[in-house]
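Just below sit the structures, each encoded as structure tokens.
Look for subunit A in each of the two complexes below; its partner is subunit B in the first and subunit C in the second.
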Partner chain A sequence: MKHIAKIMAFFMAVTAVWISLLQTAMISQSHTWLLPLYFIVSLGCYGLLMVGVGLMQFPTCPQEAVLLQQDVIEAKQFLKHNGVDVGTD
Partner chain B sequence: MELADRAVGFILSSISVTIFTYYTFWVIILPFVDKDHFVHNYFLPQEYAILLPVYAGVTLICFLSVFIGYVMLKSKKKKA
Partner chain C sequence: MLRQTPVFILQNKNRYSIIVPTYNERLNIALLVFLVFKHIPDVDFEIIIVDDGSPDGTQDIVKQLQQVYGDDRILLRARPKKLGLGTAYIHGLKHASGNFVVIMDADLSHHPKYLPHFIKKQVETGADIVTGTRYVTGGGVHGWTLMRKLTSRGANVLAHTLLWPGVSDLTGSFRLYKKSALEDIISSCVSKGYVFQMEMIVRASRKGYHIEEVPITFVDRVYGSSKLGGSEIVEYLKGLVYLLFTT
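Take a look at the complex of A and B:
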């Protein structure tokens, strides 16, 4: 529950800042009305960017893949030798 | 398959950067530019800057609801 309370407090603070920006009109009114939508769109863009960057930097570990295949073959042989059914070969 | 992953990641990143710069330009910079500057031809009218994200968000929510409903129906039919 405490986590939700923190998130709600943060949301209330952001809303208060936005309403105060609307009232004092430091930035022009039309800009301030569009500010929440702009932040939502930029958040979606940021998420997409992080997904793309993570995809580009994903390590594939080719040596470990080969070792893993050898381990699988070894385990299948051992189990078949001991009488366990390992399915399709 | 590493190259395919890198290509998809690069395409996603470039799409997100494009959308971000275009939208920033549209919402923040364009109102400060004079009305008869040539750059206004490259951007749709300002109402679409609000309509397009709202429309995309509503489409996303509809798609998610349809998907969740479909999965729920399928699981209920398999149990009965």
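Take a look at the complex of A and C:
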């Protein structure tokens, strides 16, 4: 099944629950009408939160740049010694 | 200093074909080859360099490297001009004699020191695909501006919400594949650029392939050329929608 089909099925199920809530009036009508809005806003907030948290925890590795420079020097030495042209960039 | 070769290498009967597409990587390709030989000396591998007619003489350097390391270990399979990443992998695959294939970038953002980690993970888990991830503990990025990190994170959250891909790094291109798995997946992928990398891993996930991840560090030396303008973002969104409907 294509992924979009799974998502559509999920939304149909949620919509069916929402409509049945409207009809049986277990929760007051005014609240039920606003549920989709609550859902969208919550989804948006969740997304923003994930982006913010992810940004704060974004793993960085400045020491790797230093190690890489060392590797480059070692490589250039070996290659020059063995006849590979590493003079130009 | 006595170096202990780990068991997963000593008893490893696999052959690894490392495919590296290049365009104007005259210096980097030499450094890369040196580092590969430095970090997996006891592994049976070959490096397949797919050069798209680089004007800076990359192919001459490859020939010099063949003199040093042997033309059975370093294969030059060039193409006349820039023909795209996906087709570069397909071209390299045709000449791959290994039962495993590694794909990696030539510009040293992918460091060969992680190759043993990929191999070990695959041997331990029997995975079909091992993909490098920059976004978990133990991995990381260097050389990205705050803006770049923000768009990367935003893109990641969006893709995860829409696609449920099963991997943490969708656009990464440092991966180890079983050759049969790569051949199977690549035949059904049609996207270009980094959307291609996303398509590969999402299709693999949908097809039920066993995918494992290893943390990698990514040093972006090409400062300023991390192109993320409006058109790239549009391409990305179009790619997401395409993957949403076709995978």
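Here is the rule we go by: the second predicted complex is superposed on the first by the 67 of 89 C-alpha atoms of A that agree within 3 Å, B and C clash if a C-alpha of one lies under 4 Å from a C-alpha of the other, contacts with A are read in each partner's own complex, and residues count from 1 in each chain.
Quick note on the criterion: contacts are C-beta pairs under 8 Å (C-beta built on N, C-alpha and C of every residue); 3 or more make two chains touch, one makes a residue touch a chain.
None of the values given here were measured: they were computed from a predicted structure.
Of the two partner chains, neither subunit B nor subunit C is touched by A:12. Of the two partner chains placed around the shared chain by superposition, subunit B is the only one that A:37 touches, whereas subunit C remains out of contact. Contacts of A:75 after superposition on the shared chain: subunit C is touched, whereas subunit B is not.
Using the contact criterion defined above for the overlaid structures, shared-chain residue A:28 touches subunit B, although it does not reach subunit C. By the document's definition of touching, both partners, subunit B and subunit C, reach A:51. Judged by the touch definition given at the top, the superposed model places A:83 against subunit C, while subunit B stays out of reach.
Touch criterion met: A:60 reaches subunit B and subunit C at once. The partner that reaches more residues of subunit A, of the two candidates subunit B and subunit C, is C. In the superposition on chain A, the residues of subunit A contacted by subunit B and by subunit C overlap at 51, 54-55, 58, 60. Chain contact summary for the complex, subunit C toward subunit A: residues 26-27, 30-31, 34-35, 60-61, 64-65, 67-68, 108, 111, 134-143, 149-150, 153-154, 156-158, 161-164, 206, 217-219, 221, 243-247.
The touching residues of subunit B, when paired with subunit A in their complex, are 1-2, 5-6, 8-17, 19-20, 23-24, 27-28, 31, 49-50, 53-54, 57. Residues of subunit A touching subunit C in their complex: 2-4, 7, 47, 50-51, 54-55, 58-62, 64-65, 68, 71-72, 74-76, 78-79, 82-86, 88-89.
By the touch criterion given at the top, residues 28, 30-31, 34, 37-38, 40-42, 45-46, 48-49, 51-58, 60 of subunit A touch subunit B in their complex.
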